[in-house]
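Structure below; questions to follow.
Chain lettering (A, B and C) follows the sequence in which the chains are written, and residue indices restart at 1 in each chain.
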Amino acid sequence: MGAAGRRLLALVPTVVGVATLVFVLVHLVPGDPVDVMLGEWAAPADVQALRHDLGLDRPLLEQYLRFLARAATGDLGDSIAYRMPVRRVIAARYPATLALAGTALGLALVLAIPLGVVAALRPRSAVDRAARVLSLAGVCLPTVWLGPLLILAFAIGLGWLPVSGAGSVRHLVLPAVTLALGMIGVLVRLTRASMITALGEEYVRTARAKGAPAWRVVAVHALRNALLPVTTVVGLQAGALLAGTIVTETIFAWPGLGRLVVQAIDARDYPLVQGCVLAIAFTYVAVNALVDALHRVIDPRFRHES
Amino acid sequence: MPHAGLVVVLPSDPQSLDPRFGTDANSARLADLLHVALTRPGSDGRRVPALAARWEVPDPRTFVFHLRTDFRFPDGSPVTATDVRATYEAVLDPTIASPRRGALAVLSAIETPDDATVVLHTREPFTALLDATGLGVLPAARARDQTEVAIGAGPFRLVEAVRGERIVLRPNPGFPGGPPRIDPLVVRIVPDEVVRVLELRRGGAGLLEDAPEPEVLEWLRRDPALRVTRVPGTSFAYLALNLRDPRLAQRRVRQAIALALDRRALVRFVLGGAARPASGLLAPEHWAYAPAPIPPHDVRRARRLLDRAGFRDPDGPGPRPRFRLVYKTSTDVARRRLAEAIQAALAEVGIAVEIRSYEWGTLYADVRRGNFQLSALTWVGVGDPDLYYLTFHSTMRPPAGYNRGGYASGVMDRLTTEGRRTLDPERRRAVYARIQRRAAHDLPVVPLWWEDRIVVATRRLSGFVPAADGALDSLARASLD
Amino acid sequence: MNRDGGRSAVAAGLGFLALLALGAAVGPRAFPLDPYATALGERLRPPSAAHPLGQDALGRDVLARVVYGARISLGVGAAAVLLSLVVGVALGAVAGYAGGWADEAIGRLIDVFLAFPGLLLAIALAAALGPSLVHVVLALALLGWTGYARLARTEVGALTARDFVLAARALGAAPSRIVVRHVLPLAAPTLCVQAAFGMASAIVAEASLSFLGLGAPPPLPSWGSMIDEGRPFLLVAPHLTVFPGVALAATVLALQLLGDGLRDLFAVRD
């Protein structure tokens, strides 16, 4: 079957686990879609009727098994609020989140890694100081606070960018920057520390003492080693990034999955919440699989190990 | 944005653009723009003709509607009685699972003697049926669809709907009296309130329907390109009480709570003056309104009442309270702030209030089941005063009706039943006047205020009249300079 | 950073936190601060002599609320991390020590929780349990336990194979004793580092929960709720969000410095 196949199979229990966890959690939350739909002042007798019409009064175990069985074939059921297949609702919003998270990730990588590397190569320089400041700023400024401030500065104050919404590349700038900031903070510090460690290795110091250009070749080798923990962290941070889209999308009115999930939870739209969580979990798992593969490419030792 | 176009920002997605499914306020606003119904709500609580030019009630169980013939769907086909019948029957069909089924459950039969006449028969005499005739009419061919149908004969037609982001509307060419002059009308969903205000300031939006904080409103007023309009509203904000609780069961305690609240101060400082202290459910604009006393602010009297009710203050002005109550509210920031203000006011008379904020779904579930002690709620859009029966009659306790507080009064039972059965409008008015005075005396709920409607719009918009219930239908006759 | 740098970072971080904790504990007694006293007529007043950080939408003193907020935010962060740590380490240690199917099962559980979008977990739990500070702590604890579990699992797993453990086992020592007395102390430095970072993210997560209305119940002035309550007034009364925001940022900063410093001090590798 091969290592890749076995690895894929190992993912199945994880996905089933996520599906079960989300089913349990979302049904634990008090209230159901009918409560929300009918609001404060609906006659409770109607609530029973509507609940029955929507199939919500069937035993939970039956609902759970039905959900699992259908999910296995890719059918995520129908959204109670939108009255259309969950797949279609998600498919409409997924690309937006992917674009946002992807851009944020790209920004973070492009900015953070070179900055961290240069900071490591030139300790105590202005670049090093800038890296330290940026890393700390990224990590301790909450999005909730930063988002509206950025809008005020760049959209109202300077008038360069639109305030909110989607529709052009210009709309993507502020939300992507806001989302990326946290990740930039983490990556800059990590890259810098990791690079310093790699540069401190015996063989590097020897090569350096002997002088360029051999030193440069070795530095590149050191870089490869330095990037290993960075790639791992990127994979782990992907989860945090996806979670960050929830707040960012709400503030910037970005029509993505993050905001959809919160709305779905508010509306107790069980099939939609379940579908969204599965979609996000899938993405996370896929990203980590990619990171794993990347790891193998970068690290020759790893290759031999497996 | 093209010169004749307008962008409206809303805080959340309407539940549905299909009149059979949407029950929230935003769905109602869009339904006004996309669909036409038999009747529309008037400013005094009575229904106003829309698709139906006039109607008669030959006997208490029969309603005959005579339709206008000039309403058209976007494809040009006329709206007929067949369409009306198909829509109502679809809502009554359990397989459609419409949340509006309950409101029409009293219907026993629908007849269409000709293309312009619809006859509704009810199982029992039901004067409030007219309230349920605000249901938008769909084309008969699509009325039974399981998926969303957004085709209607309203002033606008749907061009594009990207869920959670924007809804694009264009004029319906066949609209009676001429199509609207706003083209296109774009509804954008922007969840964050600061960002909504910023959009308005930047010109990305032209109409903001739900009012920001008073200080922010002041800030917006200073912008010469914007205009702030305020109209007295009819949304009734009140403190719901659970009369099953042994302390709240006592009228003196309820009275004390009512006296402990300084409505004028609360309105002025928590709402920025955008409300009128209320005496009861019906606002002065309502046809059945009768003046009733508004509880004054009298802390000393409140304390005396609590003493007489048997709940002495154990340490006088000290920190120990007479008793504790739990106050359930939503997670909305403004609501929580109101809760905190009420908490402080009741602390002054020796009642300790614990605030628990839940998000909507949980709160609705609890309130509907009567699982609460105190909660501040708002009743939006009061139509027929028969609502008093549904909320105060002793048989209307959950799960039957809206009497969540469990209020039971023989006098109120008799009066509300009489109000339901009386057909003569003048006699009805007299009955409901007695009901209002009784409610002000018994205080099954503690009235707070009637909330005003505040709208911020670009000065280029003319002809838009904010409605007391937040409806946007006057956009059909508005235009941009 | 070398060991000296690490030492100074730890000192800076710990110093600030100690100051904060001291202020939070002693402040209310030293000064007449009442975070709950409303003054409706003085809504949104800017900083003044009587109220150095201004007043909020109900006229309450912002300084008092920020000081009390320190108690809540620090308390919630610390409690969440502690709970997370205990549960995570317990599970991870069991997995590492026992091996076999226990290891497999717990490993799967960790994978599931990792794949589940963190904030959503907290949201669902907070919504399900209802509004109370304890429930917020529980929800936040759920966010971080996987980190400690994985760490404990690896460390305990690696150390279990060592001679001294085999010897102890042969001597008949109880597994729990072996793990707690001999194995865990070796993993302690890494756990401390993670705990510092964990507390920082717990405090930030509380702010996100507050944004969605699921944070500390009113009228408790956690920094997250203060920022959320002040957000509508960002354009007209920025002091409502700036001061708790700065407090939050500074605390998170201190915790990050602490974590960084500890990491360098113990020469810990990630």
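Convention: a residue touches a chain if its C-beta (ideal position, glycine included) is under 8 Å from a C-beta of that chain, and two chains touch if they have at least 3 such contacts.
Here the structure is a predicted model, which is why all the values come from computation and not from measurement.
Colleague: Of all chain pairs, which one counts the most C-beta contacts?
Modeller: Counting C-beta pairs in contact for each chain pair, the top pair is A-B.
Colleague: Would you mind checking which chain's C-alpha centre is most distant from the centre of chain C?
Modeller: For chain C, the chain whose C-alpha mean is farthest off is B.
Colleague: Could you please state the distance in Å, as a whole number, between where the Cα atoms of chain A are centred and where those of chain B are centred?
Modeller: One centre to the other, that is 39 Å.
Colleague: If you average the CA atoms of chain B and of chain C, how many Å lie between those two points?
Modeller: Whole-Å distance between the two chain centres: 43.
Colleague: Roughly how many whole angstrom separate the Cα centroids of chain A and chain C?
Modeller: 21
Colleague: Spell out, as numbers or ranges, the residues of chain C touching 2 or more other chains.
Modeller: In chain C, 127, 130, 212, 228, 231, 234-235 touch at least two other chains.
Colleague: Counting only residues that touch at least two other chains, what does the list for chain A look like?
Modeller: As it turns out, chain A has residues touching two or more other chains at 29-30, 148, 152, 250.
Colleague: Find every residue in chain B that makes contact with two or more other chains and list them.
Modeller: 192, 194, 198, 359, 361-362
Colleague: Would you pull the chain A residues touching chain B in the complex into a rising list?
Modeller: 29-32, 34-50, 52-54, 81-84, 89, 92-93, 148, 151-152, 155-156, 159, 162-166, 250-253, 255, 259-260, 263, 266-268
Colleague: Considering only the defined contacts, which chain B positions touch chain A in the complex?
Modeller: Residues 12-13, 15-16, 18, 21, 23-24, 94-97, 99, 101-102, 105, 146-148, 162-166, 188-192, 194-195, 198-199, 201-202, 204, 359-369, 377, 379, 390, 398-402 of chain B touch chain A in their complex.
Colleague: Note which residues of chain B are touching chain C in the complex, please.
Modeller: That would be residues 192-194, 197-198, 212-213, 215-216, 218-219, 265-266, 268-270, 330-334, 336-337, 339-341, 343-344, 355-359, 361-362 of chain B.
Colleague: Give every residue of chain C touching chain B within the complex, in rising order.
Modeller: Within the complex, chain C touches chain B at residues 36-38, 40-41, 43-44, 57-59, 127, 130-132, 212-214, 217-219, 228-229, 231-237.
Colleague: What residues on chain A touch chain C, complex-wise?
Modeller: 13-15, 17-18, 21-22, 25-26, 28-30, 136, 139-145, 148-149, 152, 189-190, 193, 197, 229, 233, 236, 239-240, 242-244, 246-247, 250, 261-262, 265, 277, 280-281, 284-285
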